[in-house]
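The following pair of complexes shares a single chain, chain A, combined with chain B in the former and chain C in the latter.
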Partner chain A sequence: METETATDKSIEIDREESNFHYDVDYKHDAGRGLDEGTIDYISNVKNEDDWVREFRQKALKVFNEKEMPTHWASEDLDTINFDEIRYYLSAGEAPKRSWDDVPDEMKETFERLGIPEKERKFLAGVEAQFDSEAAYSNVKDAVSEQGVIFVNSSEGLAEHADIFRKWFGKVIPTGDNKFSALNSAVFSGGSFIYVPPGVKVKHPLQAYFRINAEQFGQFERTLIIVDEGAELTYMEGCTAPKFETSTLHSAVVELVAMKDAKIQYITVQNWSANVFNLVTKRGLAHEGAEVRWIDCNIGSRLTMKYPGVVMKGEGARGEVISIALANDGQHQDTGAKMIHAANNTSSNVVSKSISVGEGRSTYRGHVHIPKHLKGCKNNTECDALLINSKSRTDTYPAITVRGNQHATQHEASVSQVSEEQIFYMKQRGLSEAEAMSLSVNGFVNDLVREFPMEYSVELKRLIDLEMEGSVG
Partner chain B sequence: MSSLEIINLSASINGTEILKGLSLKVPKGEVHAIMGPNGSGKSTLAKVMAGHEDYIVTDGDVLLDGKSLLEMDIDERSREGLFLAFQYPAEIPGVSNANFLRAARQARLPEGEEIDAVAFYKEIYSKMDQLGMDRKFTGRSVNEGFSGGEKKRNEVLQMMMLEPSYAVLDETDSGLDIDALKIVAEGVNAMRSPDRGFLVITHYQRLLDYIVPDHVHVLSDGQIIKSGSKDLALELEEKGYDWLKEEGLIKA
Partner chain C sequence: MSLSLLDSPSSLNSGLPEWYLQLRKTAWSEFLEIPSPNRKDENWRFANIKKLSYEGVNDAQSIDGFDIDQHLSESVHLNSDNNRMIFNNDTFLYQSPSKDDLIDKGFIFKPLSQALIDHGTLIESYFMKEKSRLGSQKFYKLNQARQKEGYFIYVPEGLEIDEPIEVFHWLSGKDSAIFPYSLIITDKKSNLTVAEYVASSDDQFGLVCGVSDLIAEDDSTLTYVRTQNLSEKAHSIQSSNVLSHRNSKVKNFSLNLGCDWLRHESISRLMGDGASSEMISVSVPEKNQEFDMRTLQLHEHPNTSSDLLYKNALYDQSKTTFAGMIKVEEGAHQTDAYQTCRNLLMSDKCEANSMPGLEINADQVKCSHGSTSNPVAEEELFYLMSRGIQEPVSRQLVTFGFVKDAVDRLNNDKLEEVILKKLERRFNRIGLR
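So, the complex of A and B:
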């Protein structure tokens, strides 16, 4: 039996690759709990304009007034203790342009996560956020020379207020939901990106969000504006160490694609199992523009995320491609919102979820096509894969189509990795974890092909690690 | 030592005993055929050897070169050198044939070693050519949408790529037309070697015209009731299994 223990241990180490944290001296700490004073503290540290302070204070009121959405969502939300959470932690230093200047513990963190290496290999720019603020932010000269702005949200507010303010909170209003209100009150970090008309950014820009502290809430705020005919691919990655207590990650991401612009936003998140990941993401697509969300949700205790696209201009396109993997004790509550608000707009939703052990996956879709429009199209496919009988999957597609000049299509399927499949693969020499991993990768294979190469490799690796851990 | 040895093996499923003290020894370098009527326990034997979890071994042992297989997990048995060509191979959606075989080959390498992708493709293409398989099968999902014959050819391809020391072929002839049967048999024959033993399970003698066995055993009601040379298969073909009933070997 000793060999078995040894195997378990090696798996433990593999799975735990992002499970580490450093003791950091935080210069700025807003303390535990949330009230007006917390917000004043954040605004003071950031030296914010009055309009931002007012925006935050108003948002706090909305947050306090709004009920938890437990009437439709998981009651697990009620276990979040907002009085215990720390809302702002930072080392009090501006983000560095060179990794050499980043404080050691933060630099080591990102090196262990492979960020500087990826930057050298294939990225046009990187922002690396450590708890509340970016530790590193840099964009390659060739990209900044084209007029592309890529900074954190505080810098965006301070240096580019004219563009920032025009769109800030316009795609996702404060009162959209309880957690968008929370983010609007205490937001810190996140990216502000502006791509000038006609500029096609060849390589992706990437943000990496790292939670280091315990009982902490990370509330990054991202606003991306891609001007007429311009194109951008943005990627984000997220990890946190595993603590006994719960961690909150509640981001708001707003995308604006001007006429004929294209935005592709890719997320590969691998949260530890104590993270509540409650994120609001939406894009606004003007005439002929395209907004595409590629969203991979691995890990976390509860993820609630429904990326959306509002197709405001004629011929706009929206797409959500999502993969969710719910392991034991996890709930992936994900989906998509497609709001058609102009003629001849089209949307596509492809969602694949995998539930393992007692993991639970929920798909919630919302497609809205009003009566006065014509020529709108939606295609929705959601497929669920169950691995062992205890896992659970639910699908709640809501398709509201008024009028008869539209084409919509909805398909859903549930399949299972059968014992005969596992037996067959094991007979060829694969371990149970390898066999399951291969089945899961097979299930998501057609979607993964849509990803940039580096990220499909990353996703495959994460699935492998997750399946190893689930068999034990 | 160099043999696949089944010793007094008894196994049951859902409380019903299917194998009842079966003994058989396949030395390396030999091809043994097991024939028998439907329900005699042929497929059960194959599955029990591979370690299928629906079956409970109640007595006996299976030794691969002296090592007990029964104490090993399914995948360990495979890596130890046991290959089962399935009667009904499973389909694995989304997983390409090439990736599946690469993973199986990778599983046989020591930690940290990677297979050479170029050499792998070269090898798989040459083996597919030998089996008359279109090269596009490397990119197709394992067995998904394959015809019966394509599935069986794919089993033989996997066997050729994994080079087991012992191969159990479970009704590999079923569902094959005569041309496919010949190709599959050629594949098997090409693998015959002093370093490899075969156990060929079949209901019909036809396959044994092409894969000529060294020994033939008749399985009935969970036991080997008669063993002989390849001529035994012909005799069975001619006289049918009822002949054994008349001999008093099968309970009427």
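So, the complex of A and C:
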């Protein structure tokens, strides 16, 4: 394999210097398959501390011991061949792909989404987007004046261990599930953010800027700590389809909101149809804190993602707002997990899914209110829209309430775009496809409004695109 | 050494059809083969698997001198002696004489052991054809293998029977197990209501492992009401299967009051145009009772409807699990399916688990489910209290209203009265809190 040319020399690279630069001439590739050697390789390249190495090695053992969760999840998981996967490809690898390798339909989609020329190449993974690096630096400078730390996972663990080590792997322990264990073993990339007490970060921080400086990771690890009374909005992903050659994406995202802090985490992801997207996301909300997950999943072969909030302090709030769209051959298995662990905590889940063609969308929810607590509230709503006769949707919530001082309600509905609606619009001169798009956009409209403006505009266009050819 | 459920079943009376004996034999080996439910089984999520132990449990033995009149007078039921059948420990004790005109028209109501001999061929085409889909395969097979008694009802085409049929099952003695089987068939355009009462005659531990098959042929109407008031120590595993054919209307109601632990699996299959099924349940668990209920509304044909309402009022340290699934199969378009589970939390130690599920594979479907877990609403208490009613009384009134709402769905005054009386007794025993 010509890509497997890494040597020990690479270990000596000065990460400080080369951080967020592309024109470095090294490449690292841990090869295919996963064993202790792979882990050592990654640790060596990253020049990690012993505790991180041990953390990874332990995680590998847990990963190997854990069974696939196919007793409840899709059996499609069994088709993942872990020996065929490359677990570590460092910067400098992907840009070698040429624009000609990008499928035509992808190019066309870029065209129609109105994505600028330069960004297209970046999104297709053929070129790094250097402009954004400047943008990232600007953002970094602006926030660092306030004491905000915004770095990648390796740098976070190496340079700011005193801050990040305390919470690293604490919100989502290695053994949480098979894929969190996998991520804990081979993670690279992702953001580590710390916001000091009382700092309200005005502009949303965007992973988009930071991640491209090292390519989107397959196994990114994100840890965000927002200290007392501080506030942060973080955005990751983008609405354009991402051309991925790697078939497994497994991230871990941990959020820690200290007393009275607020975190809003916004994700819009649009994977190509060969990707398994298996993500573990969880937030820990202390007293009076608020954690909101705003999540949009489009594309992929199978997405399994259930953002959660552990409400650990009195009066904490958790929220998950999610939109999923499953087209032919896709399964969006998403949901939410709300763990109430203190008095007067409240959580809200609103989920809307759209199944097009032979697509399948699934909602899985878990709400847990233990004994001896008072005044906990949960509201869950999930609505599913079926577009075609072969479309499929499932809902599997689980709600546990102990004691009589709580209130939970769960509601779900499944419906179609009504024929009268379509008729009404067609009468006014819209084509059937346009009418359908408009209707679907109407269905998710109240959630789309929760996204930042630029995202919501693109989201609407994206839904238009996905709906094309679904009627008639 | 005493007998145990794990010993092979004893032989039966002679004269039973060969196919039945063969099935029974096969079921026994299947029972032994099927592994016990384990923690990883989704169908047993939140279930207390520890309760599934049959150590020391034996087939119930028939009892000499079981006083029917005394037990009848102590229980709540309808007032007429028409169409009544009574069992104790899976032994047939009494049947009120059926009216000749009904028999002339082809109506059949017999204990299972007799019906198998008289109507073997008819029974064979309906007998335990259903798969156990919700987790209790092992116990479904156990019922089949240990079955001794039960009843068979067949209502011929066009016959409408207004007076409800009543069946009593009493369980007596420590460590007794019974395996009742009910097979009810309403043929085309017929109409029937059955009330089945399952109760303990003492306060001992015992096991009821029952199966009921309810088949409603085209344009027929079938209402089945099962009340369970076993002892506080008893365990119960009940599977009920409803087959609803074209334009048939089935109502499957269950009231659960007794048992230390119970598992109730209820399936409705909607199999023809216009088929409809209602599934209603009321439970009032207290102390350490654990009720585990799993349901499936299976829409296999277009233009069908189903509606489920399960209500639980939980006292003390009681625990309920509701797992409901609406499954709309491919091609079952124009389905209307609803599912509601409501838990009223009456103590700060009770636990309610709800897993309302949907699996939709068809188009033009209207489906929804809702699940709530709440204490008695402050406003409702306030309303009553501001009218001079004391808080504990108000609380009980609201709770009674909560369960009555589900009972009202029966649309049968006499049966509603029976159920409400049973509930009244329950609430009186629980007392004002």
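One rule holds for everything that comes next: the second predicted complex is superposed on the first by the 359 of 472 C-alpha atoms of A that agree within 3 Å, B and C clash if a C-alpha of one lies under 4 Å from a C-alpha of the other, contacts with A are read in each partner's own complex, and residues count from 1 in each chain.
Just so it is clear, a contact is a pair of C-beta atoms (placed from the backbone, for glycine too) under 8 Å apart; a residue touches a chain by one contact, two chains touch by 3 or more.
No experiment lies behind these values; they were computed from the predicted model shown.
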{"item": "Chain B versus chain C as contact partner of A:Glu411, first or second or both or neither", "value": "second"}
{"item": "Touched partner set for A:Asn44, first chain B, second chain C, both or neither", "value": "neither"}
{"item": "Touched partner set for A:Thr70, first chain B, second chain C, both or neither", "value": "neither"}
{"item": "Partner chain in contact with A:Gln421 - chain B first, chain C second, else both or neither", "value": "first"}
{"item": "Touched partner set for A:Asn81, first chain B, second chain C, both or neither", "value": "neither"}
{"item": "Touching partner for A:Gly429 - first (chain B), second (chain C), both, neither", "value": "first"}
{"item": "Dominant toucher of chain A (residue count), chain B or chain C", "value": "C"}
{"item": "Touching partner for A:Leu438 - first (chain B), second (chain C), both, neither", "value": "first"}
{"item": "Chain B versus chain C as contact partner of A:Arg402, first or second or both or neither", "value": "second"}
{"item": "Residues of chain A at both interfaces, chain B in one complex, chain C in the other", "value": "415"}
{"item": "Chain A to chain C touching residues, read off their complex", "value": "71-72, 371-372, 384, 386, 388-416"}
{"item": "Complex contact set, residues of chain B against chain A", "value": "50-53, 73-75, 77-79, 83-84, 86, 89-95, 99-100, 103-104, 107-108, 141, 158, 162"}
{"item": "Residue ranges of chain C in contact with chain A within the complex", "value": "40-42, 45-46, 330, 333, 343, 345-375"}
{"item": "Residues of chain A touching chain B in the complex", "value": "415, 418-421, 423-432, 434-435, 438-439, 441-446"}
